[in-house]
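Presented sequentially are two complexes of chain A, the first with chain B as partner and the second with chain C.
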Partner chain A sequence: MTRPTLRVALIGNPNCGKSTLFNALTGRRQKVANFPGVTVEWVEGSYVHEGTTVSVLDLPGTYSLSPDAPDEVITYDVVHGRAAGLDPVDVFVVVLDAENLERNLYLATEVLELGRPTVVVLNRIDRLPAAEMKVDVVELIHALGAIVVPSVATTQEGLDRVRHCIARAPDVPPSDLRASGAITDGQNAERRYEWISAVMARTVTRTGTRGTRSSDRVDAVLLHRVWGPLIFVAVMAIAFQALFLVATPLASLLQLGLGSLSDVLRGVLPAGDFQSLLIDGALGGVGSVIVFVPQIALLFLFIGALEDSGYLSRAAFVMDRFMRPLGLQGKSFIPLLSGYACAVPAIMATRTIPQTKERLATIMVVPLMSCSARLPVYTLLISAFVPAVTIGYVLTLQGLALLAMYIFGTVAALAAAAVFRRTLLRSDTRALIIEMPAYAKPTIRVLLSTVWQRVAVFLQRAGTVIFAISVLLWAMGHYPQAGTPSAPVSEEAQLAQSALGQVGHAVEPLVRPLGLDWKIGVAMVASFAAREVFVSTMATMYGVPQHETVHTELAARLRDARAPGTGRPTYTRAAAFGLLAFYVFALMCTSTIAVTVRETGGGWQGARWAALQFSYMLVLAWGSAFVVYRVALALGAG
Partner chain B sequence: MPHWADRALVIALVGGAAWFIAHRAWQRVASARAAKAAGGCGHDNCGCKPPA
Partner chain C sequence: MYEGASVGIVDRRNGVLLDVCGSRLALDATMAGAIVVDPTPA
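Moving on to the complex of A and B:
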């Protein structure tokens, strides 16, 4: 029988490959990774099979139908047809990780027990030889009384059979484990495990001893009490060095391209305000952000490779020991690490933390982790004020300074979490239970697709929000006009007289104690919407033309800026270090504020948490900038 | 280009940018309100329950 639409839900344990199967079935690009808890809300996609539109829901992973964490509640609600705004599901697809069959079967029996049309997909069968296992699929079909399809979602093996079985499932009598006497009491976990053990004995043959697996030998090093943390720090250090060394030539190429575009525009457009608006305002602002695309792409490539290799769960385990004294557990570590990329998905990733107070504490400190939007600010100030000195053969002082920014942010996040967990959010810390996924070679296609998606989001922001802000900033910097066409004034005088200059002068008393002037004040105010606007604002204010290398030129102008009258540097190294400290700690991102409001309960309750988060980070940022500036001055960095 | 044309182009682009920012801000507020009104938790597409 052909149906106009068929609604299908993918259900399975965390990290069993549901999202990979979802992407393979629907052609969507839902984020996938090799660690548990990547999908924290439902995602819908569809495909057409033999004239029937099949709508597929990818659900957060869960170990059972007894929900614990907020993301598991979503799966529970969908399975029981209670999810707001969703029609009931026609077919359940239970995804089993073949390598961890015993644990995965627990959820499978719970779903089969519902007596609804169900297809069981035995995923990752390609890993069985390495795991020294064999699974008798026919025996498994007999034991479960359900359709079982072996598959490898990453290579799309067995996908046609999965589609075929989904289409036929509504016409096949559902499995009835109760009637067959397999499960006698739906709530009895012990009885269920006994039955699963018996099924495992009949269906799975172990061809070797698991204790000698190569992944165990690797884990012995990576999870070692001493080597584990050291290796983790070394991996991070290499990544940040690479960010500086590899991305620089690529950024220079982009700068050349932007310079050429600027020259073309200058040749085509007649001189005047409109030409200045397009070239100095729009192109200058957007261009100064676009040159950071190589660094951002590399950052996501690095995080993606860590995720897909299976190392991230090990890192969470290694870090659990350090997190517990702070009142957090290893599960908080994954959102914190995701915060290096962007705080918005990182805050959403906290849904895997079952305990409300641990989750809230993690949400409150995630924005302290240095996200990719801070990278342009760090890079600009570091290349302007930290000498390009090589230490040894590979390390550079600038690379180390960049690493230090990330370390400061991380330490502050952990310390703030400890304070929250001992004051406002006091409760016991639960033990960490986390799955160690099998090591896997990252799939280049998937990795590049993830990087491209992130870069596309960044470019979209540059092309819309940052473009609009750059245009407005240009206007604020040019009007009201100080001179006349017949008697023009200097750029400096015009800026001081403009609306932008007046805003800067108004906030100057707040930034003066940090050794900064009104121009930096303007850039700081403008960047409260989004941090990366700092760089484009400075480029617009300093009128850095695009035909030069905008980033290098802007860094040089900041370094060489002199105070009128005295001739002394406008920005001392001490002030630059203080400014770096400000950007490490300040929450300057409207998207993060919005997601905090939503994830902490919404409405006034959420707004209160978001206000607390914004305020404590602002106080921390200003205080740190002041201390760093004063200490650096005392140490002679004036 | 005549001075008035130059000025008109500047006003058009700056006005467009201001409208874009205001429109985007308004969209966010409206979307959050709609999600709330539909009985959700404020997310666009999820059935999650916020922390108690």
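Moving on to the complex of A and C:
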């Protein structure tokens, strides 16, 4: 392994384009988005320049070297060589957002004061004409006494110069703002800004009037006390309708493909256990989850578009008013909304919340937000038990039911946060100060890259965890065999006698009060490893053939299942609604548990928080399922 | 984080939206209501 010979750290204000530059330099695919606080821990990548391996650290954004939030502490530690497990940095690369130069220069002066080799990258120079600004780069070089490289990280403009300057930086005498008298010891922020203002006057020319921007007119509507929240709800409603309307035809196409593959395998392989294992077990289980890729891709496309447009910070500000009575502030809203995609990065995103107890409360409730792994379960149960009727011209009852699941999760998360903030995590709520990033048109390339990365993670889970569980469940469902080749028994009898059936009967007392049978009990137990396993387990247990539409077929089988003897439906609508409630609230994700342990302090302290999180969500899930089932029964949904 | 910077008010119908060194900074209503502006001696 080549030892890195040059260690570089990217430093800059939040949302100035550090991660985009990092990706451009190293070829990595670190998450980027248009709101402050996307990067919350250091990430390392590397590239080779003229035979030298350059190791690059992408650091969380910070406004100054006086840290406030946990993510800013990481940057402070790296800059001062105190980060555990990291070698000292050779070259600092200060990334400046050219559009917000005055504010960005504050941090730049603090870094330049350190007297270490530094390269200043003037990023986003392509936005200057629209902002009616011109920057005199030569004058800026003179003022800072440092190397300044203009660049557009998104299009990789100026990247070669950046690489070249980084390589030469150790040989260039570092800027010394103290020696030049620009900065003096103990200088306060006001004096520093005075110096920056003088530099701005020499380097920046404004070709237009510095008054109201077009984005301010948009903000007047989006941040409005009444229109702001209404627009947010409308945006969410449209998105969840689209998930059902647009993704369904795509999912049907995937199902057709899987059905054809199944037919081919059935024609090629001799009938027997191996054929059944491959088609009913592996392909049935994995395929039943893969068909949800279009829904999941659309969900990530929607969240990615929100992030890249700059709307997310606006939504956080608008929602602050509603979250404050619950003990949270608007900054908690971004992790909560990210939880719609996946709880793991959402929990990490809480590092931008400076107040410890607010952050802990947010971590404890993030998994209540309906993540993408719940989507297959929701879709299956809603398809099976909610009529496919249209309301008006555009709304569908199934789409509204899906929206309701997300609303239940969100309301539960906010209510749970209120309880935590009034009991275990009581403290004053900090006032909200949040930066509104400039609006930007989402970059298709970046959006598609983000969607692909997320879908790849989902497919990886399908190919590993879900595959393994599907094969295991198939084996448990087929052995021990109840019949003999000369006296075969029905599929139902075989399943009941199998190892899977015995596990199911053991857990049945726990699910019977919810109106559910042992088969659902097995699927619930299996899905504690990963929620989407519920669908594959049901597909495996019901032996759904890979013809035409897997989840449509499975939905029909659930709807039409009849109890032996009585002929009454095995799963009533009331039980299905209760089951939906269970999946809204239950924490069934080992990755989420692991990240909660880490982000709440690690070790025993983290384990205790994670145990509390798992337990309260399980109690909430079972209790809600029971109440929903009983209420629905009383309302005649039996 | 913006100590010492000159600020301008862009909008104050819902909290306050400030122009701080070219950036837009939103403050919630509680904080906006608590701001006291002291005249600086000439």
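One rule holds for everything that comes next: the second predicted complex is superposed on the first by the 629 of 638 C-alpha atoms of A that agree within 3 Å, B and C clash if a C-alpha of one lies under 4 Å from a C-alpha of the other, contacts with A are read in each partner's own complex, and residues count from 1 in each chain.
Methods note: contacts are C-beta pairs under 8 Å (C-beta built on N, C-alpha and C of every residue); 3 or more make two chains touch, one makes a residue touch a chain.
Bear in mind the structure is a predicted one, so any value in this text is a computation, not a measurement.
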Chain B versus chain C as contact partner of A:F274, first or second or both or neither: first
Which of chain B and chain C A:S214 touches, first, second, both or neither: neither
Touching partner for A:V73 - first (chain B), second (chain C), both, neither: first
Which superposed partner A:G603 touches (first chain B, second chain C, both, neither): first
Touching partner for A:T566 - first (chain B), second (chain C), both, neither: neither
First, second, both or neither for A:Q329, with chain B first and chain C second: second
Contacts of A:G228 with chain B and chain C, given as first, second, both or neither: second
Set intersection of chain A contacts, chain C complex versus chain B complex: none
Complex interface listing, chain A residues touching chain B: 41-44, 70-71, 73-74, 77-78, 82-86, 270, 272-274, 277-278, 282, 351, 356, 359-360, 464-465, 467-469, 471-472, 474-475, 594, 597-603, 605-606
Complex interface listing, chain C residues touching chain A: 1-6, 10-11, 13-15, 17, 20-31, 34
Chain B to chain A touching residues, read off their complex: 1, 3, 6-7, 9-10, 13-14, 16-18, 20-21, 24, 28, 32, 36, 38-43, 45-52
Complex interface listing, chain A residues touching chain C: 63-64, 68, 99-103, 106, 188-194, 197, 212, 215-216, 219-220, 223-225, 228, 313, 317, 320-321, 324, 329-330, 431-436, 438
